[in-house]
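In this document, chain identifiers A, B, C and D correspond to the written order of the chains, with residue numbering beginning at 1 in each.
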Amino acid sequence: VPVVDLNADLGESFGVWKLGDDDGMLRVVTSANIACGFHAGDPSTLRAACDGAVSNGVAIGAQVSYPDLAGFGRRFVDMDPRELRDAVLYQIGALDAFARAAGGRVSYVKPHGALYHAAATDERQARAVVEAAREYDPSLAVLGRGGSILLDAAVERGLASVAEAFADRAYLPDGSLAPRSDEGSVLVDTATVARRAVDIAVSGTVRATDGSTIRVEARSICVHGDTPGAVRLVESVRDALEASGVGVHAFVA
Amino acid sequence: VPVVDLNADLGESFGVWKLGDDDGMLRVVTSANIACGFHAGDPSTLRAACDGAVSNGVAIGAQVSYPDLAGFGRRFVDMDPRELRDAVLYQIGALDAFARAAGGRVSYVKPHGALYHAAATDERQARAVVEAAREYDPSLAVLGRGGSILLDAAVERGLASVAEAFADRAYLPDGSLAPRSDEGSVLVDTATVARRAVDIAVSGTVRATDGSTIRVEARSICVHGDTPGAVRLVESVRDALEASGVGVHAFVA
Amino acid sequence: VPVVDLNADLGESFGVWKLGDDDGMLRVVTSANIACGFHAGDPSTLRAACDGAVSNGVAIGAQVSYPDLAGFGRRFVDMDPRELRDAVLYQIGALDAFARAAGGRVSYVKPHGALYHAAATDERQARAVVEAAREYDPSLAVLGRGGSILLDAAVERGLASVAEAFADRAYLPDGSLAPRSDEGSVLVDTATVARRAVDIAVSGTVRATDGSTIRVEARSICVHGDTPGAVRLVESVRDALEASGVGVHAFVA
Amino acid sequence: VPVVDLNADLGESFGVWKLGDDDGMLRVVTSANIACGFHAGDPSTLRAACDGAVSNGVAIGAQVSYPDLAGFGRRFVDMDPRELRDAVLYQIGALDAFARAAGGRVSYVKPHGALYHAAATDERQARAVVEAAREYDPSLAVLGRGGSILLDAAVERGLASVAEAFADRAYLPDGSLAPRSDEGSVLVDTATVARRAVDIAVSGTVRATDGSTIRVEARSICVHGDTPGAVRLVESVRDALEASGVGVHAFVA
């Protein structure tokens, strides 16, 4: 039986500013990438997100970032790898305090924004993230793009690596994502997104922009909760997966 | 045999800015109140301080603060008690990640600066600090001023409370500290400070500003490492204690 | 002919987080209290707000705050008066750069959140705000609560003081605002709010919570733009004022 | 008569953390690059630095930076050029408030740290800095490395461009600086540094690492004040320049 995880970015409010529908998403996803305060997420937001994850049986991941509130972690910051490792370790520990207070624990790490991209292609940045995860707890998994340097680095250091795919993003024939700036690169039609999620989970394939079918291996599908109607879209994805006989379960126990 | 702990604030550098002689102090004190990033202490500074504490066999405490880098945590911030609790929990978790990476653990919590003073007298602020400590780990001790609301709150919630005294500060006859702005309120003569430390440890007393002898119960003596010559002064205090037959040991195992 | 100003807090987004409908409000109000980056407002948000204010002919005020992004400036921070003065001066200068780039200028100062309340009652905090304004430009006006220490301090230093009132808040018989926590303290009925605005502007009075009519002198009425329907409510207020023959004009030239 | 300016980075303390000897340097240099709060410099530090500059007759420049306190502005941050322009404008305005309160004004802009390097080679980053300066005041000069993209961009937009050289850094034969990591790349011998300063000012040349003499045109020489003995070294440089008949004057009126 095919099995897949649904992961989403949560805990991304900050103080008076609210972002996304955490409560709605926590009823649908199986893994929550919770912000750790560096790109978003004040301490009380972290608590609420962890409480919600635990009470919904959702796995908690540390969504670690460069220190960049003003840029929401989307700006590459050329940090020394040791300083980056320490910044990541700081974030994992801070979030885990709330996860444990809620009765759960951080079980994986996923870099956010510019760090997600840097760690996918830059070995030093990737190793810094992995090293922090390993130092904190060698049983932590690392969630990232399939085929990324980040997942290679995780394997190299003995950590579980988990590949994710995107049901709502257009793929180029070479397996990479079409740039967000390209027209049609973000899919919004519910039926289309749901069908692609099923294809990824059942056959490990997705239709590319040129109409060809390409392989996309993924134990997890990343979904987004920060747009109006996002929760409903994710519900449709989950319903379609289950209707196709796919088990929707977190990748961590 | 009388026993006393020597505690000092460490890890208070930030990025390029250095403060105090952590290495020197870690060779003398038995407990290190390590900053957690809110009033001082970038992640790499936390790592270095935790590594040094563990390798010197020094107990690690979380020196938690209001979020106030520009004011070094010396400005009272009127935080909602739940937000304060969450800010404290965040800091404990962040620091503990480095303590554990170094092979140790955070074993106590001590509020810093304006939070130290607020938690000594304001029940809501005191309870917020204690609640965060208890949530993180009920075996954490709370270090604070003898007779403070903070220590009462710790006892009330079942946490170990540890009273500290100051060998280098003048005490008023009522047992309170003379304000820093008073002339002579901070003692710098090595022999005087060392003798007062011995009095506190051996007889639980100190000479007050009016010449009277008052009771000052303390399991720990707070010393300071951020001035030139500070390390030498603390060494003299420790030597005098040991020469008087006082055991100098951390209050945590 | 009675004349009144309508002022609102604007520029309170931060990075990816959006707050309020600045464009909508700028079409209705006559004075914009623009955040300066300390409680809200990244630099690009300041630019957009200043550009919009100038193109709509709206006066620009510096909405200065304690440094407190996480608390949106609603937490009292016990800053040394000289440090507060300097923090306020920093904010005025920063905002004025955008006001001037847009072809306008900062013409008044209004403290935000906890600083608004502190400066209304604490002479040292009030004087710090006024001193910064005066240092920057003695032609700046100071906008605050009628009868506040802040306005007294402004007058004392030779700055124009401008009193504001609230059409959507309940007043106690002694002229103070009913606490937000009291039921009914924030009025939402459009007709009621509009009528109270007209009463304030035309007769300098408002109906208090006990039914009595009290005096509320105000050259400006503060309105709020951060709730759904806020812009429409303010439009109704403005329409009612103009229908009653009240001139709606900024208090600065 | 040859004329040269001596510029140094000042105002780089932050809260309790002190860096450099501003008072000492202000008695020797002719231009002060004052931090603006983004990599260093709390508001009260800006005030002190501006007061000191004005009372010593030293020109004030805005030392603008990426937002990066923890990294002291030495980390490249991949900011969108419009956001960078706005961040720079914010900083110029904030600093100018203190310059004007002191009776002076910001008369030039110099990027700091990673932004200095990025703006020297990246056209989009360079233009963002120049655009902010031009928007604030077209009479501002831009100070940077001779031959840099930054100075080209300043000229292109009609701003005065001022080239600087380094008397205490080793130059490669191609005119670029030897990397700091190279042994001998930072010169500390007083007589050597002073002689090189005179060579730069009098003949526009400097001895490169291979012994060859290369051209280094510079209207300003950058000196450093953040090491022990730095002030004395700079005094020696100034004495040597004056003894050689070089006028030591700011490049701005």
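Criterion: contacts are C-beta pairs under 8 Å (C-beta built on N, C-alpha and C of every residue); 3 or more make two chains touch, one makes a residue touch a chain.
Please read these numbers as outputs of a predicted model, since none were measured by experiment.
J.: Count the smallest number of chain-to-chain hops linking chain A with chain C, moving only between touching chains.
T.: 1
J.: So which has more C-beta pairs touching, B-D or C-D?
T.: Answer by contact count: C-D.
J.: Report the inter-chain centroid distance for chain B and chain D in whole angstrom, where each centroid is the mean of the CA atoms.
T.: The separation of the two C-alpha centroids amounts to 41 Å.
J.: CA centre of chain B versus CA centre of chain C: separation in Å?
T.: Using C-alpha averages as centres, the distance is 43 Å.
J.: Mind pulling the residue numbers of chain D that touch at least two other chains?
T.: Only 42, 70-71, 83 qualify.
J.: Which of line, ring, star, complete or other matches the graph of chains that touch?
T.: Per interface graph, the chains form a complete graph.
J.: Note which residues of chain A are touching chain B in the complex, please.
T.: Listed in rising order, the residues of chain A that touch chain B are 37, 42-44, 46-47, 82-83, 86-87, 89-98, 100-101, 135-136.
J.: Touching residues of chain D toward chain A in the complex: what are they?
T.: 67-68, 70-71, 75-80, 83, 114
J.: Going by the contact rule at the top, pick out the chain A residues touching chain C in the complex.
T.: Listed in rising order, the residues are 13-19, 40, 42, 69-72, 74.
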